[in-house]
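By written order: A, B and C. Residues from 1 in each chain.
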Amino acid sequence: MFLRVAWLVMRKDLTIEVRSREILYTTVFFAVSCVLVFAFALVKEGRPLEDAAAGIMWISVAFAGTLALGRTFERERHSETLRALMLAPTSRPAIYVGKLLGIVLLLLIVEAVLVPLVGLLFHAPIGNRPLLLVALLLFGTIGFSAVGTLFAAMLVRARSRDVMLPILLYPITIPVIIAGVRGTAALFEPVPATDLAQMWMALLAFFDIVFVTLSLWTFEPLMTE
Amino acid sequence: MSSTRARPAFAAKGIDSVSFDFTEVAVRDVSRHYGRRRALARVSIACRAGEVLGLLGPNGAGKSTLLSILATLLSPSTGEVRYGTKTAQEAGPALRSCLGFLSHDLHLYPELTARENLRFFAQLYGVQSVDARVGSALDRAGLTARSGELVSSFSRGMRQRLALERALIHEPRLLLLDEPFTGLDDASVAALVSRLGELRAGGRIIVVVTHDLDVAERLLDKVAVLKEGRLVAFDDAHGRIREHYRAHVQELKN
Amino acid sequence: MNKGYPVLALLAIALFSAAPVIVAQAPYEATMGLVQKIFYYHVPSAMVMFLSALICGVASSVYLFRARPGADRIAAAAAELTVVFGLIVLVTGPLWARKAWGVWWQWDARLTSTLLMWMIFVAYLLVRRFGGPGAEKLSAAMAVFGMANVPFVYVSVNIWRTIHPTTRVVPSLAPGMRGPFWFCVLSFMLLFGLLLAVRARLEQRRADLEHLYLLADEE
């Protein structure tokens, strides 16, 4: 029942998104612009700073993710459909999981575009350990989205929600950024430090478990008045 | 009176089967405030199966707030609401399968088609035989021909009809309607009134917020008049509506 | 508690008046000389800050899961004090560091976690102030998530690099320093307790006032 509801919510979000593709296109484009802006802002001897590749990629994903979260929940707010979801006779955290899966999927698609771009612009060896890289990105995205989805949902009824989301989200997701960037940077070394990368990945996985659990716990009290 | 065995939501394959039901809703001494602002002050009303209760009053009187509390979207600051013998807390998520809420915002996804909207909510509520139910709902709303079109292309009236069917897709015991007649033409109003009459005959409990006096006179069994959060009249409706309205609502205009 | 406050306040003032004298009498530390004496205010402030953050986190959890408005009031008071004492820590720290090690700031685990925790509680206050109605729950969520977050920051930065003196500063103190140190700890704790109680009480008064407004309205 729980998973069924989560699946229904996610499928509904996907159906809507596939039709207009608005959030997808705008988020991808925004992430690409971010990467370019950073590439031009951080230069050394007239060329983009290659060591910064990992950091730039993760920051762009974080910024783009924040926008995507805002837009997704703005849609729900528009017809007050989030309320309709809350009225369903289901365990409410299932709604959270459904939304979370949708956001993770969206961000993974964005990353699928960004990683080759970063590899291209910064001469980063993205093919070094592709599975490990994917795992890092996956766990990091889940961690970021777990907290982001909860905060974006609870901010739907708040004032100044556009600026509140980054204010609340970024401090909490700093471990994700640190682990993600350090792990990715370890993989981008000429000789990839796989042990180090695996350790960062383990940390991210642990973060995911803790924060998804915490979000499931707090979703209902936060969403009810 | 009412069966009080509530099966936990996750145990039921489809919540269609009656796991929780009631025949009366009682609001007891309910207040709701936001900081210093009082939205409702010690309101007590009741409504039983086969009755239509109207909430009347000027804007800002707290009608929508009371409706939201009945829908379990808000919790009262003090007081309680009992559905049969249980409060919302005691009844748990199963209570929501007995509630249908039609708000001003309609709760429809404009980016989905009419059929998709109904299907989504039917599945969410665990309705058995989804396709059949959705088909007949579309029929009743007169939207079968346009079931494959996006809701964003519908007129207000069409959306309202669809929204009503959405609120009823799981055949709830208690139906809550927030100003459902606003913006409808006469034909639509008549259709809605007759539909609500059918539902009343079927034993539902219906609570309606409305400004429309003609409709109120045709439809309501009981009337509750709110003013500035307070209940100023709670009475049988027949023939008394205009009197109440004039006494309590009109005086604000002076 | 009403009568207690002035007495406690006087006591706190007395302790803090005595503190500089006691600190001045403490022995000089071998390598850093006079500058090290900032430690007598820096470390107790840090202890108070972490205690306050912990109280806020716990009170916020209670508020979220048990809906006790009293818990929310304590959380709000504790959050403010976390920011205040955190500010003291973050100002005295660099002042000390500059003289002792030549740099204003280092990105090691301890400093980063402290800064981050401070920022989380500043965010708490921002949400409370600007979040509109229902902001109490939002800020409570921030506190709970913030608390859960700090260990992760600590661990991740720790793995990354470390320069700050190790945690075992206190037991390794020269005997002459222990007295003044614990005296300062006591003073700070007393001050903290007093401020927390008074601030929470202010919130309580506000709630009472609103309740009275509501009652008056009902007539």
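Convention: a contact is a pair of C-beta atoms (placed from the backbone, for glycine too) under 8 Å apart; a residue touches a chain by one contact, two chains touch by 3 or more.
Just so it is clear, the structure is predicted and the values come from calculations on it, not from any experiment.
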Chain contact topology (line, ring, star, complete or other): complete
Between B-C and A-B, the pair with more C-beta contacts: A-B
Chain centre separation in whole Å, for chain C relative to chain A (CA means): 32
Averaged-CA centre spacing for the pair chain B and chain A, given as whole angstrom: 38
Chain centre separation (chain B, chain C; CA means) in Å: 49
Where chain A touches two or more other chains at once, by residue number: 225
Junction residues of chain C, two or more chains touched: none
Contacts with 2+ other chains: residues of chain B: none
Chain C residues touching chain A - in the complex, by the definition given at the top: 64-65, 67, 116, 119-120, 123, 126-127, 130-132, 134-135, 137-138, 141-142, 144-146, 148-149, 152-153, 155-157, 159-160
For the chain C and chain B complex, residues of the former touching the latter: 133, 210, 213-214, 217-218
List of chain B residues in touch with chain C within their complex: 33-36, 38, 41-42
Interfacial residue positions of chain A with respect to chain C in the complex: 147, 150-151, 154-155, 157-160, 164, 167-168, 171-172, 174-175, 178-179, 182, 199, 203, 207, 210-211, 214, 218, 221-222, 225
For the chain B and chain A complex, residues of the former touching the latter: 9-10, 12, 15, 71-75, 93-97, 99, 101, 103, 105-112, 116, 120-121, 123-126
